[in-house]
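Input: a single structure, listed below in structure tokens.
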Amino acid sequence: MHRLGQVLVAAVFMAVGLAQAQPIAVVNGTVLDGNGGEPIPNGVIVIDGKRIVAVGTRDVRIPRGAKRIDATGKYIIPGMMDANAHLVYEISPEFMARFEARLGDIAKETAQVALKNGITTLFDTWGPLEQVKAARDDINRGTLVGSRVYFGGNIAGVNGPLTADFHGAPPQELSKETIARINAMWEQGIGHELMFMTPEQVRVRIRSYLDKGVDFLKIAVSGHGSWTSGLLSFSPEVLRVMVEEAHARGLIVQTHTVTVEALRIFAEGDFDLAQHCGTTLRELKPGDKMLDLIPDSTIRLLVDRKRSCTLNAYTKVEIRRRIGDPEGHIDLDSPYSVPADPSNTRAIEALIANQNEKKMIAAGVTMLMTTDAGIPWIDSPLINRTSPCWRNKGQCLHFLGEGHIAWLRAVQEKGMAPMSALQAATRNIAAAYHKLGDLGTLEAGKIADLVILDADPLADVDNYTKIHLVMKDGAVIDRDALPTVKVITPLNAPRLATR
Amino acid sequence: MHRLGQVLVAAVFMAVGLAQAQPIAVVNGTVLDGNGGEPIPNGVIVIDGKRIVAVGTRDVRIPRGAKRIDATGKYIIPGMMDANAHLVYEISPEFMARFEARLGDIAKETAQVALKNGITTLFDTWGPLEQVKAARDDINRGTLVGSRVYFGGNIAGVNGPLTADFHGAPPQELSKETIARINAMWEQGIGHELMFMTPEQVRVRIRSYLDKGVDFLKIAVSGHGSWTSGLLSFSPEVLRVMVEEAHARGLIVQTHTVTVEALRIFAEGDFDLAQHCGTTLRELKPGDKMLDLIPDSTIRLLVDRKRSCTLNAYTKVEIRRRIGDPEGHIDLDSPYSVPADPSNTRAIEALIANQNEKKMIAAGVTMLMTTDAGIPWIDSPLINRTSPCWRNKGQCLHFLGEGHIAWLRAVQEKGMAPMSALQAATRNIAAAYHKLGDLGTLEAGKIADLVILDADPLADVDNYTKIHLVMKDGAVIDRDALPTVKVITPLNAPRLATR
Amino acid sequence: MHRLGQVLVAAVFMAVGLAQAQPIAVVNGTVLDGNGGEPIPNGVIVIDGKRIVAVGTRDVRIPRGAKRIDATGKYIIPGMMDANAHLVYEISPEFMARFEARLGDIAKETAQVALKNGITTLFDTWGPLEQVKAARDDINRGTLVGSRVYFGGNIAGVNGPLTADFHGAPPQELSKETIARINAMWEQGIGHELMFMTPEQVRVRIRSYLDKGVDFLKIAVSGHGSWTSGLLSFSPEVLRVMVEEAHARGLIVQTHTVTVEALRIFAEGDFDLAQHCGTTLRELKPGDKMLDLIPDSTIRLLVDRKRSCTLNAYTKVEIRRRIGDPEGHIDLDSPYSVPADPSNTRAIEALIANQNEKKMIAAGVTMLMTTDAGIPWIDSPLINRTSPCWRNKGQCLHFLGEGHIAWLRAVQEKGMAPMSALQAATRNIAAAYHKLGDLGTLEAGKIADLVILDADPLADVDNYTKIHLVMKDGAVIDRDALPTVKVITPLNAPRLATR
Amino acid sequence: MHRLGQVLVAAVFMAVGLAQAQPIAVVNGTVLDGNGGEPIPNGVIVIDGKRIVAVGTRDVRIPRGAKRIDATGKYIIPGMMDANAHLVYEISPEFMARFEARLGDIAKETAQVALKNGITTLFDTWGPLEQVKAARDDINRGTLVGSRVYFGGNIAGVNGPLTADFHGAPPQELSKETIARINAMWEQGIGHELMFMTPEQVRVRIRSYLDKGVDFLKIAVSGHGSWTSGLLSFSPEVLRVMVEEAHARGLIVQTHTVTVEALRIFAEGDFDLAQHCGTTLRELKPGDKMLDLIPDSTIRLLVDRKRSCTLNAYTKVEIRRRIGDPEGHIDLDSPYSVPADPSNTRAIEALIANQNEKKMIAAGVTMLMTTDAGIPWIDSPLINRTSPCWRNKGQCLHFLGEGHIAWLRAVQEKGMAPMSALQAATRNIAAAYHKLGDLGTLEAGKIADLVILDADPLADVDNYTKIHLVMKDGAVIDRDALPTVKVITPLNAPRLATR
């Protein structure tokens, strides 16, 4: 009865939200519409039902009887989007044993925490298919308040969370039955076994997989696990078959790459979007004196072919934490800055990515905001390994709810203009995912997803946290009530003040 | 002084062997010349110096003063060749700690054990470069008696023996210094780090590597480690660069592949030789009901393009041991024969390979004998994992000295004609490695490497073990004196009767 | 509401059971009263309220209006007792993560499964204190139907289940917080830390501990963990202090011992009961040719001082499984029967215990039935290690519900008379635990706990499973309704037919 | 021939040393004779052959023809003694695999490094029996120059170095055969198996063991391994038997204890010497607020019964390193100073021992210098765990050659008077080990072991390092030539400047 009760409460709440026949006019604020032009002072946005019907200044006609929202001194931006997040984020064995039956609720809770923080749309790029799908569908049909979700399910070629692909080795302290059950939730027939198939065998698997109702396809062009680091999952022929099948259904295709060669394959291929483009790993051997970056030729290709890229962009504070140099001895701008311990792969990764990212930003590659975030679990035995930044507030990319602030800060540190950063968090994502007809900007005809901020986000990144109001689908969100589903957030509360 | 002493003894011994100005005539035996034609009864082979000067029947002129070797009732075959063996075979941490300073001697000892058993030429496809090279060079310059050695050094893209590529995870109980030192002996600048480079960066590394004097280049088209199983190491562009560089120097290129896609890449590419073609792995997931074999189209390509393949061919006895079915309940001929435990990857591998091999033999793919063998070490902590067949005499592919018997038995069990098997162990290897001008058959002009057997090897595989005499470079080998270098063989003696 | 619902159902059920003002007469059966005398044919047992008011033959007066239970052809025995069982049995990390919040329910469920199988009283010798206490108290106050429970809580000197004392090493895949929280449930201030204290410091801890309401005190005279095997936990002075404190409160003291020296300390000391007396471990070193048994002098002491002992008595079938000799090559009666692999400590333990047990039974040591059982969990990752006998029905000592059958079978195999075995399962336990005033035999004045069997248990051990009726506290138990609390038993059902 | 050569060189060298018929007179120095009295200025020590014949001031008669050693401005002390050192110190798996055949040479090398640094006598309290014995015997018979060695072999009740007693768990990467072979070198029939025996069975083992020729017996009153921490190995009866057997042969008995109870057992028993008396461990549980020290009653017993104790006394610098507090925030003098991480057992150990040691020094317990040292191996994979103080020169107790300096510094930091410290390093050890007739002081009749220092060791501990001359058995040692046996010391040289 408990969970049913939650759903009922949510449904009632939502029904109220949707009951508004009355148009809304947001007036007197500065509008940053996401198209990159000059801010519109004294802007007016008129919403009728789920959609925006007009955006302009004082000359916009406000329908009689419209409810007015006064935004004097405030800033209106499109609802923020996250190009890569996870409704189920934690993958430790203990978490799985403890929450196996609650993963669906956690997915819903996560979508609610995102919305509370102004992320009105997110793209789940790896998760348990049925649970994430249920969250998406409940939200779409209005029985759950939460961020709009699009999802890809599994990454083609990658095994489930309790495998060597994610843990270096399979867990030792769970039963085989548990491990198999959990992994199957993620794998869905397109796990590591694809590696061993012919192109046509892969085609059959991908078709069955796409029938499950995912919104896009993500492919592990690079291997995902720590030991497979740098290897390629698929031959060109197999990649071609997978892209064909997804495109035939009108689905975009995105990639996981971690080497310069894999990124070149992305740039030259027929893919739509590459996750964490800046991440090109390197294994240092005795005598290696410098780090190799993405070649200029590949960056040029990304620009010329208008390829969209996400970045796992860390702030300077976070980079220094990851390379073990809090006091700033190491020059973050030099390819000769090799970490003291050459086996510290995490440090190498951070140093290279930082420079790659600067190069790509300077070159004008189309960038999307991404956090790779979810709700971490404070009691996780993996916490130090995978999410070690509980204490550095606003610097922690992978903590959903604040990770996007870290991202916006990081890319500006790396040279991106504030207005471009805003577009990376809105319009660019909608465009890359082929959702620009409905989302990504404040324009007449678009779905009314917007955030009203108390101060100018272009002046200071922290202003993105000063949320006055979040609207999704034309309805004002009762942020204080979120999340209504509570599984992890109450557990985190004692130690994590923000939740 | 000890080791110097060994070398001196060997040198003296060899000098005696070479001192023969006198021609030799092997007479009255049945000659199986390696070309696949009818056996020559009452054959005559005349040797002068290192080379054969005539092969025929009674009408061959025997030089005056020639020393006659009477082979009445016996069979003369070309010196056997092994297309894939290892002068340093054991890779356990304890072995490395214990024998680090003796690896060079072990390489020499291994080449001697090979020769003692009638393998007059072997191709070392992975080993510590300097130590294997020293064995090759000492043998070539006549200061050491041993099998003729050609070597490739490292497999491009693969890390050293004390890494995850070979152990699943790096050893825990050796010092970092030891691990780095040992791995560097193997890696030689073309280890896993190549994965992270652009084609042109790889080219630079390969050039430096080939300068070190290897006889051929081996490439990890498939990843080598247990966790990288099935992934591809290199993009097509990188593969092309590596092949170009080797061919430019007249060196052949061979591949390591473990999937059907990687084998197709081999078949379609410009490579010369594929190791263990029959090995196409598979990861079983719940519900998987059958094993996938190499597609007919790929096998046709191998035949049409005359690609050479080695097989890690196990006998039925050994296959049943590996799949845990000593009593023969499982049908080895059906692709529906899935092992009881789907996580038993070794069993899956053996079942698939067995059928692949039958298909390829039936289709007429050019086959080479290979053992992947070396001298195992009886005290190895890995013995049960990597070489668990101490007790099944004559079935154990990876034990140098008897492994070739296991191979010859296995391929005949799988349908290869006895004469084809003999060619796989002689002529085909010489041809694939571009050594047919000197080696591989008994013909005038060739180097005089031959083995005289007491009984017909085509009638019974065990007759390959009935060695009457081994000749290499025209010199009769004192088999009883081998090995003169003794590091591992005396340790094995108490438990391993054959050594 | 779910769990509350369970309790309400149980309470209603129980209320019905207790509502009987009406006396009961069990008539016409054969009474085995637990005192060891001849069976009483045509016996009559009259119960009024919770107590037996008369036991005899036809001349016993049956009160007017008594409800008659006809036991023609049947056998009536005292309710069986288990001197060593565990309401929470499973200790794997996954189990703890998954069921942390359900341990209290599992304790109740276990007490119900025991009662269903005729165990009317059990002694929990190690468990989470609060959860086991709650089960005891609910049952005692009549709000839960279940076996009568007495408990000792922690074993003095032993750490909680997620420690090296129980796992060889602490679990790796649970968070520190989880591990600490779970262990604290068991340790209760008398864990391994007692080892480091003076006698008077230990006294303070034991006093606080006894205040928590346990029914007896169990002391780790021997260390409990696998690496502490054979060491002694406490000095004689500390042991004395602990015994003093328990005896001062009228509580009996029992011991955990695993060596001949520890058993001698028990026999010479002022303890009341020793668990698994037959278990005297041994570590074999190269050259050791035989196993040492308990010295005759110690056995004589046990008899002379009337010490009570439990035995972890395995059947022959189970012993052979444990020593890896299913076909019976090893002579179980010879002290020269050393296992092939001297590092197989489990096999050594089983071989020694078997002979010790025979010696003690022959000498007439007072024996108590014990199973060390609980409800195992079918999905346990430890199942193969700790409870590997899912398939050998009726041989599996540690499976609550059938373990006592295995015990009764085992001791008879080892030479105990059937009537003595029955007493070991009833009267002897009540006496050792100082409960003979109320429990252990069928006599006037005792609590009416009894089991009616369809066939003679002295003729065939399997007849103990042919339960016609179980009565506890004078109430007939609705066995079909048990367990009413369902946590583990439904999970086990698919694979374990009996549950 | 190599090793034989070393022995020959050593023998020749020694022969020269012993060839002196000529008496020696050390004159004009300040004599600190080890008896604790006032220093003797202008002292004269006359040596004839191996013995001192006179000690005094100017009135001592110097034999005609005596060779004079002028010690003007210098200080003469008895040869220093180490009550607990190890000729084979390193126990990592790699070390054992690498040096298995060199352990005897390492034992000799270590005795030479000790002598070079002024330690003329050392007591090896745990090591491979045959190898240590050979070093002792070679030195005693004059064929090897080195520190005088007495040894105990194994610690009764403790397993060999490659076991859980020493590694927490047995090594994983060595073969079973290697592990068994190495452990047997140490165990010698009195390993962990004694735990499982009756007193009389233990007696038989101890008798056989003492027959092997050890100089004393060491008993594990406390368990030695990390998991057995705090448990007691033996019952009082077994301890009694072992002491009886050793004393019957005139051998002293020493103990390994790690708890307050075990130390009390020592103090009340009939033992001669306790190793590391100050080490009383503690396991902290949540809520524990302070550390328990050795009770006053036990310390009084140690004083009253004149028990001898060694201390593993760390300097303040080293203690702070071990507790992770280099900057000195934690008060080392308070029993409320609990380490931040209660699972840091090493920190707890260091904090408690420091205070125990102060209490015992203040109370006047008889103290012996001990280092528990040997020659560490720079490439050890355990180096960070067991010997992490390569960089803190003069603070590192367990590094033979400098460890005694660390000890002398540490005890003075803890309140011991400089003269008492000198006695702890000389006279007290001789007395405790029953060697006072020959060793420990500079007195007529004693063996002529002495060290001449360039500066006053009572004024500054570092002056113990300013060695002018070492004499042993009346012979001046050529310190520059030591060690003549070189196995580990050359390996350490690159990183360890002092060797």
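By letter and in written order, the chains are A, B, C and D; residue numbering begins at 1 in each of them.
As a convention for this text, contacts are C-beta pairs under 8 Å (C-beta built on N, C-alpha and C of every residue); 3 or more make two chains touch, one makes a residue touch a chain.
Because the structure is predicted, anything quoted here is derived from the model rather than measured.
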| item | value |
| --- | --- |
| Between chain B and chain D, centroid-to-centroid distance (C-alpha), Å | 55 |
| For chain A paired with chain D, centre-to-centre distance based on mean C-alpha positions, whole Å | 62 |
| Gap in Å, rounded to a whole number, between the CA centres of chain D and chain C | 51 |
| Multi-partner residues of chain A (each touching 2 or more other chains) | 176 |
| Topology of the chain contact graph, where touching chains are joined (line, ring, star, complete, other) | ring |
| Contacting chain pairs - touch in the sense defined above | A-B, A-C, B-D, C-D |
| Complex contact set, residues of chain C against chain D | 164, 168-169, 176, 180, 184, 187, 189, 191-193, 195-199, 201, 223, 225, 227-238, 259-262, 264-265, 280-286, 288, 292, 295, 343 |
| Touch list for chain C against partner chain A, complex | 1, 92-94, 97-98, 100, 171-178, 379-381, 383 |
